[in-house]
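First chain written, first letter: the chains are A, B, C and D, and each begins at residue 1.
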Amino acid sequence: MQKITREILIDKAAFLLSTGVVGSVFGWRAGEFDYDVTPALFTDKTDLKNNFVFGDFCGANVSKYLIKATKNAEEKILVFLKPCDTYSFNQLLTEHRFNREKVYVVGIPCEGMADVRKIKEKAGEGILKISSTEDGVIVDTLYNGTISLKKEDILLERCKNCKSKKHVAYDELIGEDGTVLENDRFDEVAALEAMSPEERFNFWQNELSRCIRCNACRDVCPACTCEKCVFDNPESGVENKAAYNSFEEKMFHIIRAFHVAGRCTDCGECSRVCPQHIPLHLLNRKFIKDINQFYGEYQAGEEVGSRAPLVNYTKEDIEPNDAVNKGDK
Amino acid sequence: MQRIGVFVCWCGSNIAATVDVEAVSQALAKEPGVVHSANYQYMCSQAGQDLIRAAIKEHKLTGIVVCSCSPRMHEMTFRKTAESAGINPYMVEIANIREQCSWIHKDILTGTEKAIVLGRTAIAKVNLNAPLTAGESPVTKRALVIGGGIAGIQTALDIADAGFEVDIVEKNPTIGGKMAQLDKTFPTLDCAACILTPKMVDVAQHEKIRIFSYSEVAAVKGFVGNFDVTIKKKARYVREDVCTGCGLCTEKCPVKKVPNEFNLGMDTRRAIYIPFAQAVPKVATIDADYCNMLKNGKCGVCSKVCTAKAIDYEQKDTLIEEKYGAIVVATGFNPISMEKFDEYAYSQSKDVVTSLEFERIMNAAGPTQGKLVRPSDGKHPHTLVFVQCVGSRCANCAEKGKEYCSKICCMYTAKHAMLTRDKYPDTDVYVFYIDVRTPGKNFDEFYRRAAEEYGVHYVKGMVGKVMPEGDKLMVRASDLIANKQINIAADMVILAAAIEPDKSARSIATMLTASMDTNDFFTEAHPKLRPVESPTAGIFLSGACQGPKDIPETVAQAGAAAAKVIGLLAKDKLKGNPCVASSNELMCNGCSSCERVCPYGAISYVDKEFRGPNRTVLVRRVAQVNPAVCQGCGACTVACPSGAMDLKGFATKQIMAEVDAICK
Amino acid sequence: MQVNEFKPKIVAFCCNWCSYAGADLAGSNRLSYPADVKIIRVPCSCRVNPMFILRAFQRGADGVIICGCHPGDCHYTSGNYYTRRRMALLFSMLDYLGIEKDRMRLEWVSAAEGAKFATTMNEFTEKIISLGENKRLEDLRCKK
Amino acid sequence: MRKCKVENIYTLLGEISKNAKLYIPVDQVNGAKFTEYAEGLTLSNALKTERSIKDFFFPQTENLVDFKVSGKIIEIIDNRSEMEDFVIFGARACDVRSMEILDRVFLSEPVDTYYANRRAHGIIISMACNRPAETCFCSTFGIDASKPAGDIVCYKGENEYVFEGVTEKGKNLLEKLNAVTENGGEDTAKIVQTEIKTILDKLPLKDVKADKFGKDKTDKFFNAPEWKTLSEACLGCGTCTFVCPTCQCYDIKDFNTNSGVKRFRCWDSCMYSDFTRMSAGQPRPTQLERFRQRFMHKLVYYPTNNDGIFGCVGCGRCLSRCPISMNIVKVMKKLGEGDNE
């Protein structure tokens, strides 16, 4: 498979800019280090040539940025989307969050993105340089010399269980399209389900109690696009700025997961950005697993305009009391 | 801040017996917002209402909490009271301290404590109530009657006579329903056809009435005053507008062995048929299940003999869209199937018949031209046994029959027994009964005549078993009064089968969103006070679809339903329910979730300009609710993640305040 | 009566058309159920937001039950179908978080089922008493 | 100076914990966290704890006061608990400096008594940074990672820990530890300091300069066009503010418990869309303005009001936590690129 390099993308972007197909490019901007890449809009070709990056640290799902970016854009915006990003892209379209006509999507294949936290865990503090190799990275460090790490050991949590290499939306593809993958993404959920209620309670109590209500999970989530979140709205009766006790943490995370249930594409951004390392994706995946089991396989974002399971029904749906008792017997 | 008045009702001793009303009104006086608290014997009485009105004036109340019976009973009453004293009717909340408290708790401490919590909850809600005004919607001045039996016929005639257009949808080829199959009617013994068929003709000739026979309701949308109904006109393969009803085709059709449903399968008809002589419309219908031409394209006899050229083998089902302001359900009843009652040997002997079959046997237009003969051998029966309550009042056999009393059996059995004895004095007639129920005008007199003047043997007791033996039916029964077993060698056994709602009723109920009880009878809006209305606005009930009824009752109810419909159609505009959803456009992000769950299509989207930050203008897609179409279910409010969608009268904040007050 | 007898707090959301009427019928027929059950009238079970349920637990409820028309009988055609899906997922999620799954329940009670209403409330209250106080979804600030 | 052998450190910690609550950095599942000392816990080798020591003095939420309303009487209940003495062991130079920044806010008139109370009861034992990370840039703000401030400063040499009492509180505590420490250690401290200085010179961010910012630079930067590109990816979450040792904004929230009202103070974030929302609306309606506020506050407003001291300590937490990797270093570099003066 063709290795996607920043040069290929820059050439593509420069070409589309110069031919007037697009007026700007949404991509990733280089940072201070090799790993601190920031999503960014480029309008200038020199800026693009100097600062556009693509590599192991471009995990951020940029589809949500299109809501803001398209609002005042006069010309089309070029956006490079990884397969998983295209699901969010479609889901946003389903919910009429932006005008498809204002976006030019170039689908790019993805071999999984790296998690700098994992690199730091293995290489320690003082990372001076990270260079990509065929099957991983080489890290130059201040204290531990040069360390090489295998890709599979440093993959982002969500990439370890990649659900699809297939682009469900694009105007143009670079490289070949992949397929929907077999994956084990529900194993962790199943493991939790297999625990006793006490164990589950303790597990989540411990995880959620770390929440600092920074709202990063919500703010990064492509399904959380409310004009005003209920948790920010004093009128809603559930607003709170910081959780005083575990109830509020649970309230926030349960309701947030519920609000995105059936709309969450399982992009995993919530867990990626959590500064407290709470495995929030396990909440969303529980809903996805339940939805698949109760109402038939459903992948949010697979198709624009599909009816999310919570705004749909059949006359033979499972009864809630049976749904919670499914594990018993 | 509201100024709330609390009014605790004693409901005589209904509430006061298990709730310390004085303590409740004192406790509630301390709740936030409450400026006045009183209790009185009957709040709903004129004096009670005057008390409320006076308090509104005196204490400048802005909100009212009445602790009384269920809001389903008197919410309207108190809303009107409030309105008459100048405050918005939706500033009234009811704390249900009767059905939910005094009637179910025996201990006065418990009852009082709970009544205080319920009152507190209502106060918490009223504190957040806002005045609401109902929107208005136009009324389509046309009614739909589903079912063309006597109920539907009477309703249609009454509505049409008041000057409104009415359409009848009848699933069979003719109107007339069950009554058309009856012989004589109790207690006057006049012939059913003689009183029904003129009415059928009236319907056919009424300029305001259209009949969609051989048709079904396929879909219903909309709401009171504005229903959009899709009617499926089934292909009858005969052009109604052309057929003269001469009946020639029905004589020439070569397919002769079709069971005649009008005679309950006791004789046959042709594949093309007119159900009975006085059918309305008098138009032939081809039974596609039997017609050779339709089945394999070979025949065409009817087409050849039809001088009017009415036969059209190419006819298809057609869908007709119509608008109505009101819908009357008159889907009627059927006798239950006898297959689970093998003890009566219904499936083993042709001489065990149901009462409706017996009705056809006795009818001059029936399979035996009115001659009482045994279906098995055509011989004249001498001993007849009538069994009542077959499948009715089955308290312990609900899987076989019905728990309820079918109501009409006692009387028609008396009628059958009397007529049999009258025409054939050589017969011995036995009636086995649990009770004989005759609570109607001249009913008991009728029954007594049967028993006393006509010598019908009434035996209190149930028939245990009927066993065919030779050409006899051995009936084993118990006589509870004589306390002995009886064995009768009968020639015929007639079963008074329980009646049940027509099978089509359930799907119609679903389409109409009208509720049904566990027996599939339509539920009335109130069992006593609103017996001909369904809880769904604009849907009315006529006849046995609501519960077992005899003809006089059916006709009475049909007229009552018609009166309700006329009352509705006479209005130019309808005041809607003000408790509808509304979207806060500033918070809506146009995601469409609400639109997708709305069962009424009340939500639409518009692109709207908003003032953005720093003097910019933003165009956003936002939801808007049509208050005339919204029925206020609230499905959208939960589908909406941001809470932009809220329900007036049941707002998120109000419900949360109620939750808080309960859990306090 | 014992002094320390656990008196659970139970919030019952009842739809106006079926279940609330069912509760009225229970009342009319003098079918008793525990006073711990307090009813909130909603137009349809689909008006019940999961936030209300969590709110009830936060404020000290020990059990929450939602009652609506039987599937197919919804006054608004489809409201209770949505309720069924929402609650199936919510209950399952609460169970997943280790909250006792028997603290919340959905029951279909028609206007004609006064007896069922009373029985349901009796059973549910019994269940909640056996579970004891709600500790796993409590907000200590709201405890007295 | 006093010293103790590396192997005796837990005896020393045990001694401290006899008289006061002691918090030491301990490796938890997701990074180092100040944890109440108990026998058996081991000190983390991590450079920084996930959260700064700010949490001890200015917790994310605290119950300030309760109200009980009965009729028309409002009862005010001060449920502040008497603070116990506590000791934080192993605070880094940046975190220690952050206390000075917070002090200037909370201890100036009107004094925040909640904060003051905790400050009075807390003793900070700082620890020189043996292994600074690539995200460290404390030197930008004149902080010397090899010689942190604090009540007691600690240097970890190869074989021994060296302690130096700085403040009165610190000296008193150190005196109480005489039984488990001995005199000396100056040499070790020197060696450690020298080693650290060599490493500091190698850090990638060592050249980040703050001198273009500071007092009275509002006009220069407020309308800079760079804010647009800098802020465009900002999600508006509160991660940077909540991990920041110097962010001190808070909101006061009343919570109705059904039986009364509890008044809470909780951290707020200038990144939030409803930060300082007033009846007239949101003073900073776009993310650009909110983003600008945070950095202008750290780099310009705070120094303007506080004798030129910057509101950032270069701890680098925001650099590693920001979901979109935008941070103060990028801001300083980008804004600094422009024409100087």
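We take it that contacts are C-beta pairs under 8 Å (C-beta built on N, C-alpha and C of every residue); 3 or more make two chains touch, one makes a residue touch a chain.
Not measured: the values here are computed from a predicted model.
Undergrad: For which chain is the distance between its Cα centroid and the global protein Cα centroid smallest?
TA: C
Undergrad: Between A-B and C-D, which chain pair shares more contacting C-beta pairs?
TA: Top pair by contacting C-beta pairs is A-B.
Undergrad: For chain A versus chain B, what separation do you get between their C-alpha means, in angstrom?
TA: That pair's centroid distance is 53 Å.
Undergrad: Determine the centre-to-centre distance between chain C and chain D, using the mean Cα coordinates as centres, and give it in whole Å.
TA: So the centroids are 47 Å from each other.
Undergrad: Would you mind pulling out the distance in Å between where the CA atoms of chain A average out and where those of chain C do?
TA: Their C-alpha centroids are separated by 37 Å.
Undergrad: Where the centres are mean C-alpha positions, what is the separation of chain A from chain D, in Å?
TA: For chain A versus chain D, the centre distance works out to 31 Å.
Undergrad: Tell me, which residues of chain C touch at least two other chains?
TA: Each of 50-51, 55, 59-60, 72, 78, 82, 86, 141-142 in chain C touches at least two other chains.
Undergrad: Mind pulling the chain A residues that touch 2 or more other chains?
TA: Touching at least two other chains: 228, 230, 237, 244, 310-312.
Undergrad: Touching two or more other chains, which residues of chain D qualify?
TA: Residue numbers touching two or more other chains: 255, 258-259.
Undergrad: Can you tell me which positions in chain C touch chain D when the two form their complex?
TA: 59-60, 141-142, 144
Undergrad: Hey, which residues of chain D end up touching chain B in the complex?
TA: Going through chain D, the ones touching chain B are 71, 256, 258-259, 282, 285-286.
Undergrad: Considering the complex alone, what residue numbers of chain C touch chain A?
TA: 50-51, 54-55, 57-58, 71-72, 78, 81-82, 84-101, 105-107, 136-141
Undergrad: Touching residues of chain C toward chain B in the complex: what are they?
TA: Its residues touching chain B are 9, 11, 16-18, 20-21, 23-24, 26-28, 30-33, 35, 38-44, 46-52, 55-56, 59-61, 69, 72-79, 82, 86, 110-113, 118, 142.
Undergrad: Using the touch definition from the top, list the residues of chain A that touch chain D in their complex.
TA: Chain A residues touching chain D: 31-33, 35-41, 60, 65, 68, 116, 120, 125-128, 142-143, 210, 212-216, 218-220, 228, 232, 240-244, 269, 272-273, 275-277.
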